[in-house]
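Going by the order they are written in, the chains are A, B, C, D and E; count residues from 1 in each one.
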Amino acid sequence: MTENVTAKGGQGGGPAWEPKVVAIFCNWCSYTGADLAGISRLKYPAGLRIVRVMCSGRVSPAFVLKAFHEGADGVLVGGCHPGDCHYLEGNYKTLKRKLVFERLLEQFGIEKTRFRLEWISGGEGDKFARVANELIKEIEALGPLGSVAERLRQADGLSLRAEGGAGSA
Amino acid sequence: MTDARTKGAGPKAGLEGGTEPEAGAALKYSFFPGCSLHSTAREYHETAVKSMAALGVELEELEDWNCCGATALSSADTLLSYALPARNLAMVAEVGRPLAVACNSCFVTLNRANAVMASDTPWRKKVQEALAAIGRRLTRPVEIRHTLHILRHEVGLDRLREKVTRRLEGLKVAPYYGCQIARPRHQWGDPELPVEMDEVLAATGAEVVRYDRKTKCCGGALMTTKEDIVLSINEELLREAKARGADIIAVCCPMCQMNLDAYQGKINSRFGTDYSIPIVYYTQLVGFALGLDEAEMGFSRGFVPATKYLRKYA
Amino acid sequence: MPGPKIGVYVCHCGSNIADKVDMDALRDFAGELPDVVVSRDYKYMCSDPGQDLIKADIKEYGLERVVVASCSPRMHEPTFKRACEVGGLNPYLMEMANIREQCSWVTVDRGGATRKAKALVRSAVNKARLLEPLEDKSVPVDPKTLIVGGGIAGIEAALKIAEAGYKVYLVEREPSIGGQMAKLDKTFPTLDCAACILTPKMVSAAQNPNITLLTYAEVEDVSGYVGNFEVTIRKRARGVDEKLCNGCGTCQEKCPIKVPNEFEEGMGLRKAIYTPFPQAVPNKPVIDRENCTYYKTGKCRVCERVCPPQAVRFDQEDEIIKERFGAIIVSTGYQPFDPSVGKQWGFGRYDNVITGLQFERLSNASGPTGGKVLLKDGTEPKAVAILHCVGSRDKNYNEYCSRICCMTSVKFAHLVREKTGAKVYDLYMDMRTFGKQYEEFYNRVVAERDIYFIRGKGAEIMEDPVSGGLLVRVEDTLLGVFREIPVDMVVLNVAMCPRPDAQEVAQKFGIQRSADGFFLEYHLKLEPMKTANEGVFIAGTCQAPKDIPDTVGQGAGAAAEALKVVLLGKVTVTPTTAEIRETLCSGCRMCIPLCPYTAISFNEAKGVAVVNEALCKGCGTCAASCPSGALRVRHFDNRQLLSQIEGVCAE
Amino acid sequence: MEQAEAKAMEVIRQDAFDAAAFLDELASYPSGENIRSCMQCGVCTASCPLSSKMTETPRKIMEMIKTGMRNEVLASDTMWYCASCYACTVRCPQGISMAEVMYALRTIAMKTARNLSTSFYQSFSDTVRRYGRMHESDLMIRFALRTNPLSLLKMGPLGVRMLMKGKMNLMPPSAIRGAKEIARLYDKVAEMEGGA
Amino acid sequence: MPESKKKLKLALYWAASCGGCEVAVLDLDEKILTVAELADIVLWPVALDFKYKDVEALADGSVDVCLFNGAIRNSEQLEIAELLRRKSKVMVAFGACACYGGIPALANQFDRESIFARVYGTTPSTVNPGRVLPQTKLPTPQGELHLPTFYNAVYKLDDVVDVDYYIPGCPPPPDLIWTAVEAIVSGKLPPKGATIAGERALCHSCLRKKEEKKVTAFRRVHEVIPDPEKCLLEQGIICSGPVTRDGCGTRCLNANMPCRGCFGPTPEALEHGASMLSAAATMAEGKDEATLAPILDGIVDPLGTFYRFTLADSLLRIRNKALVAGAEEKEGEEAAS
């Protein structure tokens, strides 16, 4: 709790720390839903940023790790509702990965709430906005996660040559 | 359909066997009688416990329960109107059994507090803080069921039919639910036109008459402060029952019983009518149909005597 | 090592973006990013002068990548790709940052929006740096169009395409085309009879040689993609040889079985062998196998005996038709709201509480009462209440406005007065008369004698247990009084709802549904007939509640969309498919079962997996499961996506 | 029938009311947050068994709230007629819980108003505080003392008949063991509200 | 080998590792003699008695090759890694621990405090009534002794010093070591940063029969005796072959055991653990959570399974301990209130 207070230390009323959420959305449903939220002028915090893929089935768990590695405080993966996948069943593959991957994240000490898989259809602009606001609220309560580089720096005070290894290429 | 639902939804495996009545003895609930059942609705209390026991449902009275606050406290103080029933819910949670409630008013009030415990409104935290001050704790909602729902959906009509020894053939009953068992939306029952009591009464052999005003309000406690209009809405209720040819009105709420029964004379004198319709709790009829001792069914406690309709079955 | 030269173009979109995002700061920020050689902002990047900026810079600066920060790529990606191409740059070397739909429109404060816009631009620049040139491919298109649903929308679309000289298959589930409109009596605001204007179109559809009419038929399966949809249609057995049958009706006369007539909304009866209504197209009967005595007991066969041309075929079997289509129009219509779920309205409990469609049938000269508005007991009503918004504009049921009910209510009020002496009470919340000549029509009716418009939502309908009369309770909100209105008939003007199988149909055709359950158009305003599935279009009330003029308009519009596909004769297929780098593939075969299009196979000789790029749709599911990274998806490969993630994260 | 005093047409100046403040006040009560979405259809009024007696219909009260007429709303008798039957609540097309809005208005009015209803609810609350449970005779006596002690005589005959039927206890319920807890709960709630 | 060449100066060092890599060098068998012929060993603590100050005394860059095995767990290892880097022309991360952190890096799931608490406190065999924990300073009559600091995390070699080549494996197989030695001696060096192993995944060398990658249950090796002819993954056994570099000679597979990934990820793999997790999970058959969850629950301990040798090379590296502890506290508060 105390951590949050110091982290927020509001100047100008707003929180100094704004949760950073990487959303990886499929082109056909969730990305369209997010566009609809925009067309409907629904509001959500600016910390949520969307990266577009064609299908949620394209989302490698490593993308999610990469986001956390880079300092995202949360990751939201969005796909079509089961049965509605534009590519028939890409979203089922995502679900399979999620079921193992969320346990891995827990082992890494990353709270469950920081990673979410949601089915958001192209018509569900309101659902997307609700999920975005909800998720960011939950993450705000958890506090910042910090990048892996930072975490390593804090661990032993060593200055590492090139943190990250894989994927940073 | 009904059977499938009863069996499917029954919490105890014992029921799934179906035919062996004693198997269902495993159904046990914490029971919240509420203040009325200890005074004005004494017969409701007695017959609910006895007839449910005869059907293999044990209603174990919650120890040291307190008044739920009814709608009076909702009008006086919002936080208190949650905290007071929440004390009961906290004690139920400790016992660890689902809660059975017979009084509609308690049912709605306890459900209202229960809903707050499931919400993420600031009220939830406030209630928890208030409870903490008296050393009680409630983290999540408890399961609450109306005794009528337990009878209809947990015990089931098959079981009831089997156990009926006095079939109330020819007794014309208007089923009157009142409002708060139906509204706002609860787990079971249509908010406008529920059928659970109709089905239960039909299973006792009684003829259930059509009664479109079954969830119209009786005015409840407003009888004390707005007597004029409350008498007139009760007159409308009696009028339909009579027009549909009902001998008797069955109720499931102490307020309804009191307004229709104790004030029936006053209605007659106010509106120049001559209603003489006994108002009984459905549990009295169920207990009677199950062959329990008639004297224990509390029919004599009503202001409008019911005995002339029941004599032939005794 | 210097990267490719990148140009960044920031669009103000008038004030849509510029009001929330600091354009100067964003432009300057982009200019500072590595490899960016030019960054500009402009009021409307999608306009001709905006595009010209890009084209000129490609030449002047020798740009190798272009990043446009503007609206959603779903809006203008094609525009800017074309601009690049004209300017001499491979269109796949362009990347967009969505700073309107996903930034300026959704963010409250300017600071946050500007920060977010920067992150999105950095992310796009990161990806652009890694893009590679790709070439579009094209495949030929089958020139036939499939239209699913033979209501007025489907008929209109079929006629337009057929008249343009192209082939159409019109598939209808019911035994006749015509849809809901065929049930209506008079139509607002002109009060011409629905049958009079619909029947000629139905007949034209049946007679046009370019239209193949498949009634009593359903689409079972759809696969393939725009230009080449493979469709399986089940044409259910009518039990009647359509070629021999001359529609004389003898079979229906003699059939001994009577069942409630769906077409009459349950108010009349039909036989077990029947045509749904006299003007049915095709005017050939079907045998209702569930109710036919022969199918139940093996006896009867009366119809077979009496049929003059001997057309009855009890042993007829369903026919499976497989066809290839270039485009598909879905026009499956709506389902009226079932008011029996709201017990307060008494529908199903009180005989004289009816729905709007039931009223249409009562009022229709070919309906069960021969066009008389009568109570269940055959007498004429003395007072009729009409309720608007039953099941619509009500969060307990459907939040949306059903659009036509105000006008049908006004029409019903007029028809009641025309046909009976009854007083009419019209209970409305708002009177919405949005169409051409609608307000004028309302003004005419409002002036009629004994029609009373009351502003208030009808709350409940009770029966007087003594008299049996109905009592409608409403607050007259303009007077601020509680009103009880005794009537003997109530017409519930119910909502238009999505059909109960809408989800199944949506899945079959790869289209989506909006929150209200109707099919989702590509763009609410600008692409009302397109769907997210290219080549599949929607028309009529399957998209949203609408009246006849709008339905017909959409039918014609969808026809234009379909014609656009078939007339072009070819469609472009995206080159953003998967590819396998053979030197890296270890042959583990992980990817093979993952492809829903069976585009990946195994080359035993080489010991590696192979992608058939004609079948691949580019979803990338395989790449996400290729452990060694040998499989990559063009335009969405690992490096590109990781760089984008890095881009949105960096502060 | 006496001639009702003719009410002059009023000109309402919106700047006389602070609508936002009143709506915000109500928004702090359960279900108070969606009052703004009321579309004045009147289903609440027409579903209410008691609305015919009210001087202002529930729908009109909602419009008065939205106008910011705080004093007028709290002075009306509308909320005191609510029997908590929830007919309005389940039918409201905008999902507003009118019953909760009525509770909220009563709770606000309880702080200042004094009438038959406030006396009844206050008596009820006091009885529960004392015994932890309801005690009808205690309630009736408290209520009568607050309003009109003579009314006890009017209630007398029914009370006696109830007693005869074994439906009423003259003796107070032996206070529940948790009665002290209940009192503490009352105090804690008062403290929380006072502190808020 | 050309005799004319000057003898190479060779250093071998052993940081946080089990010692298996040292044995692997000896596994060169008679070839070790060739090594001795070609090279002068300047440091090899496991076999020869050199002192650090001997190395310090050498001129910078005077050692030709250093084969460094083991991860960096404490300050002494860091110091020596830096020293050897200074003195050596070519630094080789030798073995899985030096390359990717190896088994020791699995400790990155815990921080120093919890490791000490466990090792010096709660293990059943521990007798430590005074709760004495390792200290970095020890006052003695002769003066204060300084001991290395035990770090919170385990690091791979290239986290702390520049590495020229990587020879993976647990331990590296002799033939690979020999290939490296030959390359060094002959001066035919691959580009800097290269990993001396295969470019494709291990499946390329695996001779087991591969059919359809679909499973209805995952199993662990102690639960079944796998069919030695069939792909282990297809039998529901997690085998990291598809994501791990070829070059080990399928040693584990030959013993009917699955690949655990000691050769690290292939060059184009996104990430060793996540990539294999992604592939393995998609093998489960089913379309809804109810069917899939029980199958996928069969993949126990995903972190230990998929990052057995590569946690220090992963994207997340260490467990996010502090925040989790904070959250647990918060939960506790909530429950208590």
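By our rule, a residue touches a chain if its C-beta (ideal position, glycine included) is under 8 Å from a C-beta of that chain, and two chains touch if they have at least 3 such contacts.
Predicted model, so just to flag it, every value in this text is computed and none were measured.
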For chain C, the least number of touch steps when starting out from chain A
1
Innermost chain, taking as reference the mean of every protein Cα atom displayed:
A
Determine, using the mean of C-alpha atoms as each chain's centre, which chain is farthest from chain D.
E
By CA centroid distance, what chain is farthest from chain C?
E
Counting in whole Å, what is the centre-to-centre distance of chain A and chain E, each centre being its mean C-alpha position?
30
Mean-CA-position distance for chain E and chain C (Å)
57
Chain A and chain B: spacing of chain centres that average the CA atoms, whole Å:
49
Residues of chain A engaged with two or more neighbouring chains:
60, 62-63, 66, 89, 93, 97, 167
Please set out, as single numbers or ranges, the residues of chain E touching at least two other chains.
269-270, 275, 278, 282
Each of the following residues of chain D touches two or more other chains, namely 52, 90
Which residues of chain C touch chain A in the complex?
72-74, 98, 100-103, 105-109, 112-113, 115-116, 119-120, 123, 503, 506-507, 510, 512-515, 520, 524, 532-533, 576, 594, 596-597, 617-621, 623-625, 633, 636, 638-639, 641-642, 644-646, 648-651
Residues of chain C that touch chain E when the two form their complex
581, 583-590, 592-594, 607, 621, 624-630, 638, 642
Chain C partner, complex, touching residues on chain A are 14, 18, 20, 22, 24, 27-29, 31-32, 34-35, 37-39, 41-47, 49-55, 57-60, 62-63, 66-67, 70-72, 80, 83-84, 86-90, 93, 97, 121-124, 126-127, 129, 147, 167, 169
Listed in rising order, chain C residues that touch chain B in their complex are 342-344, 346, 349, 462-463, 465-466
As the complex stands, chain B meets chain C at residues 190, 192-193, 212-213, 239-240, 243-244
